[in-house]
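Letters A, B, C, D, E, F, G and H mark the chains as written, and numbering starts fresh at 1 in each.
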Amino acid sequence: MREYVANVVQAATSIFDGLSVTFSHFFREPYTIQYPDRMPIPVQDTLPYRYRGFLDVDLEICTGCLACQRACPIDCILIETRKDKETKSMLIETFDIDLAKCMYCGLCTEPCPTGSIHHTREFEGADFSLESMVRRFIKEPVTAYKPKKKGEDDPVVAPILERGKRYIAEFADPKDDAPAAAGKGG
Amino acid sequence: MSLVNSVPEMVLTTKVDQLLNWTRKSSLWYMLFGLACCAIELMQTGGPRADLDRFGMAPRATPRTSDLMIVAGTLTLKMALRTKLLYEQMPEPKYVVSMGSCSNCGGLFQLAYSVCDGVDKVIPVDVYVPGCPPRPEALTDGLILLQKKMSEEKWLVRPSAEEAALLS
Amino acid sequence: MEGLSAEVVVFFFLAGVAVVGACGVAFATHIVYSALSLMLSFLGVAGLYVMLDADFVAGVQLLVYVGGVVVLTLFAVMLTQGIRDVKVSNRSAGRGFGLLTVVAVFALLWRSFQAAQWHRPVEYLAAESSTAAVGNALLGRYVLPFEVASLVLLAVLVGAVVLTRKETAESE
Amino acid sequence: MAGAAECGGGSVALVELSRVERDMEIAAIRRLLHDKLGAAVGVVEEGPHYESIRIDDDAVERAAMLLRDTPELRFDCLSNLSGCDYPGRGAIDIVYDLYSYEFDRSLVLRVSTRRGDPLVDSVERVWPAANWLEREVFDLLGVRFRGHSDLRRILLPEDWVGHPLRKDYVEPEQYHGISTVRESMLGIRSGS
Amino acid sequence: MLEFLNGLAAANPEVPGVLLRVAGMLAFGALVVFVFILPVAGITSWVERRVWARIQSRIGPNRVGPGGFLQWLADGLKNLLKEDVIPQAVDEPLFRIAPYLVVAGFVAAFVAIPFGGSLIIADLNIGILYITAITSLVVVGILMAGWSSNNKWSMLGGIRSATQIISYEIPLGLTIFPVVLVSGTLSTQGITAAQGWAPHTWHMFHNPFLLVSFLLFFVCALAEGNRTPFDLPEAESELVAGFATEYSGMRSLLFFLAEWGNLYVIGALVATLFMGGWQVPRFTDDPTLLAVAQFFTIFLKAYFWVFVAMWVRATLPRIRIDQLMALCWKYLVPMALLNTLGTAFFMVLFPEGSLVVRIALVAVVLAIIFVFARRVRFHLARARGLGYGAV
Amino acid sequence: MHFDYANILVFLGLGVLLCALMMWLGALLRPASPDQIKLSTYECGEEVEGDSWINFNIRFYVVALVFLIFDVEVAFIYPVAAVFKDWVSAGNGLFALTEILVFVLILLVGLIYVWSKGDISWVKQVAATKQSAVAAGQAPGVERHVAG
Amino acid sequence: MESAIGLNHFLAVGLILFCLGLFCVLTRRNAIGVLMGVELILNGANVNYVAFSKYSAAAVDGQVFSVFVIMLAAAEAAIGLALVLAIYRSFRAIDVSVMRTLRG
Amino acid sequence: MSVEIEFTDDHGSAGGFATEEMTLNMGPQHPSTHGVLRFVVKADGEVMRRAVPDVGYLHRSIEKIAEKVGWHGFMPYTDRVDYVAAMTCNQAWAMAAESLGGVEVPRRAEYCRVIAAELGRICSHLLAFGAMGMDIGAFTPFTHAIREREMINDLLEELCGARLTFNYLRIGGVAWDLPPDYAHKVLRFLDRFIPLVDEFDDLLSNNKIYIERLADVAVISPEMAIAYNLVGPNLRASGVDYDLRRDRPYSVYPDFDFTVPVGKGTWGSVGDCWERYIVRLHEMRESAKIVRQALEGLPGGPVIAKVRRNFKPPAGEVHIRVETPRGDQSWYVVSDGSERPYRVHIRTGSFSAMSIIESLSNGLMIADLVALIASLDVVAPEVDR
């Protein structure tokens, strides 16, 4: 009999308590971020610097060293290079990344000497076909970048290279000014 | 007696089609079909932050009441046959979203002996969402794309000769 | 006069439901269908009760028959057999003989009831709630049957439960 | 157990810790087994990271019984059971990683079986945990276990052909009409 | 409604009375079914999703129409357009009939549910008995649905559901008795009339037993409506979708319609039986205005309980079938019986009722609400207290 | 009064009509392409194994049985409850109360009977697992780690 | 107000129900079917009770009686079905003729 | 809702009546089988006779892939071994490779690993908590758990750029150091999170219905748990006070002060579903403690040792055991001195947990099976790999 009453009392009090917890949620803000259209800032800007989104390549500073292709465990990068007979420079003929297959592991970006291949904070790539997910970066063969001993002076390439270097450096140790996961979790 | 695909194109039928498409896309009920890691992101997408419910999308347990199959995760060969069966058991109209590299094309498990390289080998896919796993917003993006596609469909209108030829 | 014609329509509708249901019980080949027809028949009869100003009885009919007996029957059906067996064992036996007997009984009763002169008062009970009347009767004139009823129910409860239990226990 | 406390390099510490324990125990354990089972118990094999006792494939269950029930040993838990294919040696090795909760002690047993017709005693009756682990080894490596109650494929479908963790396994071209390779959209033929 | 029609008939003597009545009946019925039941059931589904979402820190449907309000319409139309799959293995006639039975059963309950002092389809003498009895149709419908589907999940779901509904009909009936005892009638209008608009005149404050009865009634009604924590028949995590597993499109939606509609029935019954129904102070003599006020009074009261049911659903886990039975037969039925006897005893002691008891009970309820509010504040403070944003 | 009840008929009809209307509207507009696989029974993606039309557990039946009896009881109490108030105001409350009391108590006996015999509790065979907690301390080889 | 529908109409319905029930009892081989027949018979009788109660002076008695009959019918169903189950349990059949055979 | 369950006579279970067994297929696509598991349930009405698990629907041949992709390249695959707690799997793999190759890990890296792993543990237990609630029928706790997970996901995303498949650890250390201001953010999260665990208690753990559903259900005795090699929270719930982090310490766990929650039989017996549930809830608090201490005691220095890109550990084999959220994960790794592992075998916590279900299933109800699966916190890829 005592157990009987105890059961009733326990049930009543615990349900009472549970109800009070859920009721208190009416006074809390919802946590939803109204992606895509009702956000104060684009969602990409809320992502941390290290976010491993789609890969991008700055062909201006790619040395054609194939380090990234070799590092990828699942062969989703294809680079084809050719020595140009006349200029003696290296031409990159193909630079394809299969984003449908990629696992966004970041292993390819680590060995890149210039930070040419890097993750962006882009992730919206839904499409009706798979073919469109292969990023073909090269339309026409481009000359591979040759690092200069004295540092880069070409006004076009320099900022890009600086970005790449910064990427390498700051990925591991981002400075405070690197955009962080702001505006979330609030 | 059904009006589907039997009415000539005119303003009224176009309007009706628009209405039909609106209801369909506003109430996409997806079948719980989490297979692997992407399933966690699928749950998170249904969770408080991304909240698919905003668009009227609700999870369903059976194929019978679902409109959409979100294939979230690695499709093994063992599972592929079941997937096909479940897809077939969904009533028309039905859509498939392939979520993540694995179900897109096998992804990193193309190396595996037991994985079906891509869900499109077993069932037709409407939208592919890249990512491994795609973050909830990416999936939402894919679903919005699907909604776009749905809003352009024609139901009542009798398909023109070339369309019919294309279909068959 | 129109009111009366409506009454006729409703009466024949309800009687039809009751009889069709009963026919279903008697002739359906599928015992689950029989059970459902039984429900139909009960519903029709409940309607007839209302026409007879016995709304409380109608309610009880709904509550006990439709909600109780039919459900219990359905449970019993589902408990005893798989569907295929049900189809088989809802066969009827000796239809000819049965029909003969029934027709005989029907004829007999029909004749006697044609012959009978029912005392038919012109005034009948006003269409008042019958619940209170029944309640007063149960507390007053029929108080003994009322209490006995509870005893009967107790006996049935214990008996039926023991019956189902005993049988399961025996075979072990 | 306390040895690791001041050690920074965690995993290295673990290895060293095991070595200390091992030096004290393994020879004694082997002796004990050898006394009971005779020649079926082989040598202690030294590896860079731990040693193991080699056992004949038909003495495993008896050895397991002993290891579990001897009061000084009490290996009450089969922590891991792995198989490894060595086509070079023509053998498949089954490695048992035992653990004793009572004495906080690990022990590794190693059984070699012929690749052509791999057959090992089941230890399911000693450690129920072995049931599924052995099924897994059967499924992926094709080792059969004598006395196993329910030796079916566990991870792969029943109608699968071959044992994929064998080194010479060739992936079938298709399964129930689903082809198992996919053309790379890059023009690389990836996959296996 | 009858008076209204009679008035109409008197005003138009040239039209045959019976025609007028039948037409009026149909018109009123259709009005209630299509203009009230259907939208209310639909909107309830939307409200439920929004309430759920709020409790779960989400927003809920807000894209379809203003604030997502048209969500229910989209859902309904979508399901209307969904292919209707009737699997081969089912028993087709029964499979088709089942949703009809369920919907008819639940729609028929509205006959005796008051919407206001003069707004009721039919003030049946046996109103409350009728409402409990007509649910039997739902039971049979669900049993049919489960059985005819020839699917194990459906079968389990159907049997579970039927067992549950019939079991809880007993305590439900028993908890109604105290109300019947104190109001002396079975008619829903009569019961409402026995109460006043002021809270202390409500039946739930008549005596302590009635207060308990009121709680038990709500619990049983939740069970009757297959609501959490008693939603075993559709326990998604166990039985996929219960008896409706094989139903697709519109057919499955009909079951949902019945469920959501039933929520309103539950709320309206609680309001009518225990909370004074449509009773409002007589602030005006205009019958129309009064009727409108009455309608909104009972609607709001009913909807409050609908809301509570949603809230409860978002809070509690589901109980197991044996616990369900134990709860019913070992807790609810004896307690409900005791309540009946207790009320009868109380009535013999205080034939006119007791104002002191009424006021005391109101105070008790207020105290509980106060404690509850304190508790809510505590939870809020705990979640916010350590200075981490407002979530 | 009959008129009131006729409404029930109307509503039952309307309920059916509601369904029929929706099904018909849907039939106009919905696609239909049944095929063998689509019409197969859903079983979580597996092939169907065994029939689902099988005999059911007797538990459910016993519950229905008990329900029926109590249902009749409820049916009996309704009219009595409805007139109880009148009897009380007529000063016969105690008599009526006694009658109800006797009636209810007799049935309560029945409830207690089935309760005590376990007919309304489900079959549960967790008996064996109960004692395992007791054994926690005596497990060979686990003493070292078993708590308290 | 003289009604077009009189006592005889109801009695006729009761009679038809009774006969169909009887037919059911006589011909059904499934014991549950037989029980359903019995329920029909009782229903038929009940219709008569209530009809008489309306068309006679002792207004309420018929109704009270019919309530008792309903009670008895329910009791009969409970016991009957329990018996059927018991028989099924023993013989693995609820075919009435089989039971006859078994009895001798 | 009584606590005592009557064990009187067993009606209708034996013999012909009503005891036709029904074969139910639960899964692979079923809302409560946590991914793609399948159970073939033999049930008599609501009571099960047997539930035979059928696994392998997510067998992705990760062990075979290890033999193809090389030591560094396998790291992302370990994320997928147990995607709910990828960090600890990363850790196991890193430890195995380091142990084979004799790599010394910098202390700061170990701290980073512990911080990440313990955050991951909270994340995983949150999911277990939520899924448990959902399987018992309470949907709200699940979404609350997801909400908290999102916050941890944000933290981990900031640390390593991914929400689920972290690939944060490297052989020899971790890929990147903690981002600036990270400690502050984590601490802020923990300050807010720990009171919420109490709220979870109020919402779910102490709920009478919940307790009734779980207490005394599917009790696993300590002997049985050990015999079936149950590990982690499942083992501890059975009353065996054993935690690798404390009893066979690896990494820098000895530096931290934490307690190991053990099943006490609060509402029922030791080793029932409720204990398995509550042990996880307590572990979240303990993990939070560890994270706090790690953040406070974070040493300086590099976060990764010099490891050759072309890593070739000398031939040999190791057994590595790591305490993942699902318990002791045992890795058997063989190296033949080449640039690819020769053999990797992973014995996971879920695998053993799955194997115990069949022997527990007799006499449980279908609803209990759901509770049992949830309480064992089985994750499909960990079973199938």
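One rule holds in what follows: a residue touches a chain if its C-beta (ideal position, glycine included) is under 8 Å from a C-beta of that chain, and two chains touch if they have at least 3 such contacts.
The structure displayed is predicted, hence computed values, not measured ones.
Counting only chains that touch, the fewest steps needed to get from chain D to chain H is 1.
Between the chain pairs E-H and B-D, more C-beta pairs are in contact across E-H. Using CA-based centroids throughout, the chain positioned farthest away from chain E is D.
Once the centre of each chain is set as its mean CA position, chain D and chain E turn out to be 61 Å apart. Chain D and chain F have CA centres that are 52 Å apart. Centre-to-centre, using mean CA coordinates, chain B is 56 Å away from chain G.
Averaging C-alpha coordinates per chain places the centre of chain B 36 Å away from that of chain E.
Across the assembly, chain C contributes residues 5, 7, 51, 53, 55-56, 58-60, 63-64, 67-69, 71-72, 75-76, 78-83, 130-131, 134, 136, 138, 149, 153, 156-157, 160-161, 164-165, 167-168, 171 that each touch 2 or more other chains.
Listed for chain E are residues 53, 55-59, 79, 81-85, 124-126, 129-130, 134, 147, 150, 152-153, 159, 162, 166, 169, 185-186, 236, 240, 245-246, 249, 314-316, 321-322, 326, 330-331, 379, 383, 389, 391, each touching two or more other chains.
With touch defined as above, residues shared between interfaces to two or more other chains in chain G number as follows: 67, 70-71, 74-75, 77-78, 81-82, 85, 88-89. Those residues of chain E that touch chain A in the shared complex are 53-59, 311-312, 314-316, 331, 372, 375-380, 383, 389-391.
Those residues of chain C lying in contact with chain E across their complex are 2-3, 5-6, 32-33, 36, 39, 55-56, 58-60, 62-63, 66-68, 70-71, 74-75, 78, 83, 129-131. Only residues 67, 70-71, 74-75, 77-78, 81-82, 85 of chain G touch chain F when the two sit together in their complex.
Per the touch definition, chain D reaches chain A in the complex via residues 184-188, 190. Taken together, the chain A residues at the contact with chain D in this complex read 74-78, 96, 98, 100-101, 130-131, 134.
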